[in-house]
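You will see two complexes here that share chain A, one where it goes with chain B and one where it goes with chain C.
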Partner chain A sequence: MDAVQVNKTLDLKGLLCPIPVVKMAQAIKTVAVGEVIEATATDPGVMADIPAWCRTTGQELVRITRENGVISFAVRRVK
Partner chain B sequence: MSETVRTETINTALGALERVLDRRLVAALEVCARCGICAEACHVYASDPRPEHVPAARAERVRAVYRRQHDPLGKLFPWLVGAKDLTEPDLDALAEPAFASCTLCRRCTINCPFGVDTALIMRAARAMLTATDRAPEMLVMLADAAIARGEHAEEFREIYREIVAGLEHEAQERLGDPTLRIPLDQQGAEILYVGLSGAHTILPAAIIFHEANASWTLSMFEASNYGLFLGDPARAKAIARRIVDEAVRLGVKEVVLTECGHAYAALRWEAPNWFGGEFPFKVRSIVEVLADYVRDGRLALDPTANPEPVTYHDSCNLARNGGLIEAPRIVLRAAVQNFVEMNPHGKENFCCGGGGGLVAIPEWFETRMRAGRKKAEQIRAAGAPVVATSCENCNLQLTDLNGYYDLNVQVVGLMELVVNALLKARRRHAVPLPEAA
Partner chain C sequence: MAVLTTPSPQTAQQPAAAGEPAAANKLTMIVLSGDMDKVFAAFTIATGAAASGMDVTMFFTFWGLQAIRKPRRTGRSLFGRMLSLFLKDINGIGPSKLNLGGLGRWMFKQMMRAHRVPTLPELRQMAVDLGVKFQACQTSLEVMELRREDLIDEVQDVVGVAAMLELARQSKATLFI
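== the complex of A and B ==
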């Protein structure tokens, strides 16, 4: 279904704003350019915050979905 | 590094200082008797008594530069008045005192015999550091992401509607009332409520507004303003503008900000200066609104829902700087059974140690835990198992202090306590439905 290769996973469930974005920003520096981080979170604010963060930092939002209260998203490091 | 680059950087920093140099800042920079009274007033010094943690000492780094630029003696005989040319190493060394060991809490100011506003000086230092790319990356990123969300509001509108629909359902279930609504973009509503990105700031507010029968609508944006922490009026204004424009478009009578100290300080006290005038709406904290609802009998609360002793941590921005001291106590006395004051409290309360944006900067975790020692001692001495607060920053910091210092308390927001009391009162008053014939 989803052919993206994931290089690192992050569990951000239970964390409140702005900590999921902070953790994601820290984690992106630990992977190489071109690699992908997949994360799960529960705070719905992430649905708007992560796309905004990707836009300003120039990273690629590969996908973001929500199912049964869990948001999962994948971000590719571009720079 | 070449001489030209050095000069450009220094000029940029000095330019940033000049831009924020108003009468208040000049007064703060020119007056200091070096009496040292501010030392013990500062939670950072009180928690970790080192000379560099004395407020006057951290302000002196900027004062020396100011004297070199503006004091007639400082221009001619810098050594005589402790004036100093700004250098790049000085700028580098300013980052820690300005961003990590001053939370802009202003406890030193109210304890200084001359009212010297060290926080204002540190904000000017932050402006110089931000202008020369020396601000913590995380604060810059969070500020820019907030601005991006405003610039692409249309793209986010549908995502947000989806989020709000989910939250509305959750709030209905929690209250047991399918008529509860979370209005979005409601033209002519009286209140524009601005939460944070987190659902925890929207759910309890929705229940409270529903029960108080308020005319309200939820903002598309979040209340926090990281531009304020950066000391960058341009970014701070861009972040505030999203809310100001939304409030004007919807024609609301007031903007009510969620439990967030710096958001309140930004929109209530600072924004009118950034925009050059008053707004056509009031700005209040949810804490003030809750106090009104309690006073007016618009919320039925059963304090037995919160039976354990509760103490309250006053946020620096709400209490000391915003004057909201009685309002949270009106709410607490109605929502909990046993309210215990922390000592000192109100405008003399010690900062939690996580203000000024510090909770969002992972690399300074140890620094803020050390600076929170005084707060941890205060909480322990209060002896209450529940610590309430009405600021998100404080909530995050107190939760971290709880683990770090083994305080064994529960940290809760004021709205949560109100919702507990409200749900219990509602259950007690609920009239059972007649059984089907």
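== the complex of A and C ==
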């Protein structure tokens, strides 16, 4: 486990596009700049979508991993 | 001849010199289709774009107006009233293939629920909540004998092609569905 402090967690399991990205966009506004959201999802599309969303919105993707069909990732609010 | 084929410095500079703003982070979508599958794609892209920080405007024209229409009788002339019998609202539109007189629509709604995908009205509401703007085509409303009141309240403007094109010119992406 890395030493990133998590400020909010999100359960996006079972949700398909575009909901994971929409929920992330809504959640990121509820944390302060510098804080981290950690989420889990099962839609394989998330592996490409969340990194793309981070690049377009200028947020930092701390990590994204996939294990046994569950994708977990952490995003830090940059702006 | 040489003079005619050589672009003048003035012409070459025009895009910058015209004072047009550089493409903003905007997406303009023209929704012509009234098929469930295509409207579904349109709202999915619109919500995704809005969630990614884009300023999204959806311009609904012709059959696309069904996606922002209230379910009620419309029309003044005989043809207008006849058309009203076939004009659906967002709950009644069927897929472009396999509709089978409404059976396909029902089947896809079941499958969407099974896969926990939002319904079309939910997706449309999500778009509204994310700040997506809805515009309706003035000419289509006239031709199809619809009034502003026949459209959902979330519709911001009823505009023509010049207003839509102005937005499209300022957009990073323009989609026609």
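Remarks
Note that in this section the second predicted complex is superposed on the first by the 78 of 79 C-alpha atoms of A that agree within 3 Å, B and C clash if a C-alpha of one lies under 4 Å from a C-alpha of the other, contacts with A are read in each partner's own complex, and residues count from 1 in each chain.
In the analysis below, a residue touches a chain if its C-beta (ideal position, glycine included) is under 8 Å from a C-beta of that chain, and two chains touch if they have at least 3 such contacts.
Note that the structure is predicted; figures quoted are calculated from it, not measured.
Of the two partners chain B and chain C, it is B that touches the larger number of chain A residues.
Of the two partner chains placed around the shared chain by superposition, chain C is the only one that A:G14 touches, whereas chain B remains out of contact. When the two complexes are overlaid on their common chain A, residue A:V22 makes contact with chain B and with chain C alike. Shared-chain residue A:W53: touches chain B and chain C both. Touching of chain A by both chain B and chain C, each in its own complex, is seen for residues 16-19, 21-22, 25-26, 52-53, 56-57. Looking at the complex, you find that chain A touches chain C at residues 14-19, 21-22, 24-26, 52-53, 56-57. Residue ranges on chain A touching chain B, taken from their complex, read 16-19, 21-22, 25-26, 43-49, 51-53, 55-57, 66, 69. Residue ranges on chain B touching chain A, taken from their complex, read 137-138, 141-142, 144-149, 152, 155-156, 159-160, 162-163, 166-167, 196-200, 222, 224, 360, 362, 392, 396.
Of all the residues in chain C, the ones that touch chain A in their complex are 44, 47-48, 50-53, 115-118, 126, 130.
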